[in-house]
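Paired with subunit B in one complex and with subunit C in the other, subunit A is shared by the two complexes that follow.
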Partner chain A sequence: MPVKDKALELRPLFAQLGLLGHTDGSVMFSLGQTAVICGVYGPAEVKPHKERLEGATVEISLRPPSGPTGLQEKAKEAVLKGLVESSILGSLHPRTSVFVSLQPLDMDGGELAAAVNATCLALMDCSISMRCLFASVEVTRTEDGIILLDPSQKQATKAVAKATFVFESVNQDVLASHLEGRWSEKAFQAGLQAALDGSKAIFQFYRETVKRKFSKELMMK
Partner chain B sequence: MDAQSSVSEFKGIQPLEYFQQHIENGIRVDGRRSLHDFRPVTISQGTISSADGSAVIKQGNSVFVCGIKLELAPPNPNEQNKGFIVANVDLPPLCHSQFKPGPPSEQAQVASKFVKEVLENSGIVKLEDLNIKEGKLSWVVNVDIMCLNHDGNVLDCALKALLMAFTDLTLPEVTLQEDDEAVVETGGKIVVNNEKRSKLTLHSKPIACSMAIFDEKILVDPTEQEEALAESLVTVVLDANSGDLVHFYKPGGSSISRQKMQECTGLAKKQYKTIAKSIDQAGVVTKMDSKQSK
Partner chain C sequence: MRDVPLSNLERQFLLDALEESKRLDGRSTPQRRPLELHFGRVEGTALVSVGETQSDHASLVYAQASASIAEPAVSRPIEGMLNIFVTYCGSAAARFADAAGTAGGDEAVEVTRLLERCLKESRCLDLESLCIVAEEKVWQIRLDVNILSAAAGGVADAASVAALAALAHFKRPEVTLQGDQVTIHPVSERDPVALAIHHYPVLSTFAFFNRQKSGSNAEKIVCVDPTWQEEQVMAGKIVFGVNPYREICTLHLAGQLLIDKSVVLRYAHVASQHAKSVVDLIKNQLHEDTQKRLAGQTEEIGFAFAFKQNSILQNVKPAEMVSTANLEHV
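Moving on to the complex of A and B:
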């Protein structure tokens, strides 16, 4: 049983930037036991039929850990595409493509949140100009109304409803939301507040990760 | 140059500016008087005689048809007391030029997933209700939603068509010969009485309200053109029976503050009451208008 204050804490975060040699930006990100590798190519050459005059074309590819790609992945890709399109400054790179490839390795709750956070870290590693960063957290609600922040699959077994929110870093506004199960208005607001608090820790983690990356690069010179 | 041609030129040359000026004055390009009005909705049920449940819905120029076909199948060994629902949204090339023949477009796949999620979240049909005999026989409910004309707001229309087709759905009585091991495989011992049909119990009434956000303003029930120009799209699904939030779907786009989120939920609440009332009264043909809500 999670203790009350533990319930509103994130699981350990881990990120390793630039682990893939051929991509322009990459990260291995994990949220507790949920792990995902993300690579970004861009701004790169675009296929003529996808070329856009007004900005970069965003393409997302999300593969399941095993088996063929299904509807679930397509739905996640649509959310990620919306997020990347609205957060990068695509108009700086017209007639180019930004390709984000994601490979989840282990699924233990918060898969969408982990994929979103990995995408943001990989875009940062790729040094694409962005108007804001984004961070995502999953919250769940149990039958008796207890809100759990970022639960593992085991902790979430008692959950009757789940929600994933994505916040941006400038005004802490909501960029995307995705619900599973029923939420009363009050519980929804409580869940949103818990997720917002959780996202602050993730933005802090982004800051530390990038600091670590640059301190390493400086030392090598 | 006369006024008529200068307006159409303005619309052709500066579509965004044309659209913006409408919104600034609180009216819609398609003639709606308020940003918060939805388009007139026409529903007809039981239009497909070969289906077990069907509905056609017309919302402005968007036309959707939903057909439900029933099949019998042995239940999943892991869930012996449950039936199946297979829902699919199709956006064929005939509904809009943006869709090409071939595998389902991304938008169609996302809409299918959304409909599935709403079915699960709202618990409208209990899968246990679709079981005929535990471990032996269950109903498979095949739901096909097809767009005939695409003028925006796919999710709202698809969900309304689905709900109306479910209200129209009747299940024939099935009798099963006792103690027969291979009933389903042989199919010989199942007696389906198509004359005696019963309605399926619906446990909730999910109603969607889609909104487009443009210049900090919320446009209810956006048309296809408005969707293309909007900064972000939000779909709020509420259960008209309990008032619970069944879905708050926002796939990226520009960010919205929490205050705006509450405003969206508030608007959806206003809309669903009118729609739910009209759906309850739905006979063969129902017409509703946002004017009735005032």
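Moving on to the complex of A and C:
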């Protein structure tokens, strides 16, 4: 069965850096219609009972667009905490805290992926030292075995399995994966490959975004 | 995390400048910051920014309205319910950067109460039209107001615009009654229905400052739409909730202030003019949004599109075919 035309298309990307003037780093990021605002403070002061001698204390706060914070949000916060801790050079900033706050505005498929990408862009806007960047894409698999890359909510209605992969920029290793539903090994490998290709486009987007931000300063030299 | 405190020098400078009717951001005392309103893709979502975004003087508020079915209150069996929840996101200001999510503390309570008085107690939303089956089922409208950026002040004013816009934009599922049978139609079957709003009360904040040279009985300096620093330095404030018909729905006086009733009436008039311009803004944006939805321009709906401008801090990338992997039938 041939793969559908739009199956391997990454939706339009949008990022606006520095949206919140008072934070150290912030971004409004959207993947198609899935939009999220992320603000980062750090490295900043930390409460004495939370301070760590080995490095920065990372705290994540993710709020749903409506309703009280639930388990879904806590699960995403745990994924993000691991990602941020492994990618920032926390050991350069012992006894400080890095606080990441996320507020999704619209959820149209790929919410975890959008949150991850927004976090990375906000950390870049904050200019915190990082050992690698990270990017994430969601893939879904339908009953017929068709793999969709970065589907919208409407496109994902027929999905029987979903997977969100997070890749790092240096060696393209997998930093995190979050699976729902049943994935055969063959389907998993195909989904992983599709997500990897999608993440390359996102890393390119990061590069272009930061280059644009400093374009005026670079020009003056 | 602690906010950067306001130094005594800054306080004094602010007060000295106000003596000459000068404000730190260059506005005149009766001048408000520009207000921008954007609707989202989902019906009932609104994003309001006060002041230029990206500057230190901007506030950002996001509101979402949603509906669920619940039993009505015993005392009001034929009325629906409106519940307002205000939370400050961790990114709103350094003082809210706490993973425990205390949701804002005193400031959130003040804004919640102001919004409740302005929207709930003024009965601007027709609650009887939200009744499905008397004493059994009514629509419960939940209004979530998330303060994304509060460092610049003006949160109550922005929140009231966002809350009203969200209510005006929201559509609840259509319900039909056939004898005892209640059918709630999904959006795919029947178009959802807008809420019935009688009038549009809008909050407007005025900060009062004592003159330094003359006594406290002298005429005070008044600033419309105070910034956070101005709020730290003011003697007191009045928050009006007025609708464009010049009906005062809310009056809140805070701080150490003694004012004459003529002052209250004078500024209520100013607040009602602001209410009129806000309601015009909401109606225009709503009209544009409806046109776009009717024309099927789904790419131009939503927050991502609304924020597009020609700025080096922005980057846009169109949809792209990325994978060259040959994905066979798996």
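Basically, the second predicted complex is superposed on the first by the 211 of 221 C-alpha atoms of A that agree within 3 Å, B and C clash if a C-alpha of one lies under 4 Å from a C-alpha of the other, contacts with A are read in each partner's own complex, and residues count from 1 in each chain.
One rule holds in what follows: a contact is a pair of C-beta atoms (placed from the backbone, for glycine too) under 8 Å apart; a residue touches a chain by one contact, two chains touch by 3 or more.
No experiment lies behind these values; they were computed from the predicted model shown.
Peer 1: Evaluate whether subunit B and subunit C can sit on subunit A together after superposition, giving fit or clash.
Peer 2: Because the two structures are overlaid on the shared chain, the partners are seen to fit without clashing.
Peer 1: Touching A:Glu168, do we find subunit B (first), subunit C (second), both, or neither?
Peer 2: A:Glu168 contacts subunit B only, not subunit C.
Peer 1: Is A:Ala78 touching the first partner subunit B, the second partner subunit C, both, or neither of them?
Peer 2: First partner only.
Peer 1: Please work out whether A:Leu149 is in contact with subunit B alone, subunit C alone, both, or neither, and reply first, second, both or neither.
Peer 2: In the superposition, A:Leu149 touches subunit C alone.
Peer 1: Check the residue A:Ser177 against both partner chains and state whether it touches subunit B (first), subunit C (second), both, or neither.
Peer 2: In the superposition, A:Ser177 touches subunit B alone.
Peer 1: Regarding the shared-chain residue A:Thr69, is it in contact with subunit B (first), subunit C (second), both, or neither?
Peer 2: A:Thr69 sits against subunit C, while subunit B stays out of touch.
Peer 1: Of the two partner chains, subunit B (first) and subunit C (second), which one does A:Pro12 touch, if any: first, second, both, or neither?
Peer 2: second
Peer 1: Please name the chain, subunit B or subunit C, that touches the greater number of residues in subunit A.
Peer 2: C
Peer 1: Does subunit B (first) or subunit C (second) touch A:Ala113, or do both, or does neither?
Peer 2: A:Ala113 sits against neither subunit B nor subunit C.
Peer 1: Based on the superposed arrangement, let me know which partner A:Gln103 touches: subunit B (first), subunit C (second), both, or neither?
Peer 2: It touches subunit C, and subunit B stays clear.
Peer 1: Aligned on chain A, what is the least Cα gap between subunit B and subunit C? Give it in whole Å.
Peer 2: Here the least C-alpha separation of subunit B and subunit C stands at 10 Å.
Peer 1: Could you list which residues of subunit A make contact with subunit B in one structure and with subunit C in the other?
Peer 2: Comparing the two interfaces on subunit A, one with subunit B and one with subunit C, the shared residues are 184.
Peer 1: Could you list, by residue number, the parts of subunit A that touch subunit B in their complex?
Peer 2: 71-72, 74-75, 77-86, 132, 163, 166-168, 171, 173-185, 188, 192
Peer 1: With touch defined as at the start, can you tell me which subunit A residues reach subunit C in the complex?
Peer 2: 1, 3, 7-23, 26, 28, 30, 33, 35, 37-41, 44-45, 59-61, 63, 65-67, 69, 97, 99-101, 103, 105-106, 108, 141, 144-145, 147, 149, 184, 186-187, 190, 193-194, 197-198, 200-201, 205, 208-209, 212-213, 215-216
Peer 1: Going by the contact rule at the top, pick out the subunit C residues touching subunit A in the complex.
Peer 2: Touching subunit A from subunit C are residues 1-2, 40-42, 45, 47, 53-58, 60, 62, 64, 66, 87, 89-91, 93-94, 97-99, 101, 142, 144, 146, 148-149, 151-152, 302-304, 307-308, 311-325, 327, 329-330.
Peer 1: What part of subunit B is in contact with subunit A in the complex they form?
Peer 2: 106, 109-110, 112-114, 116-117, 120-123, 232, 239, 242-258, 261, 265
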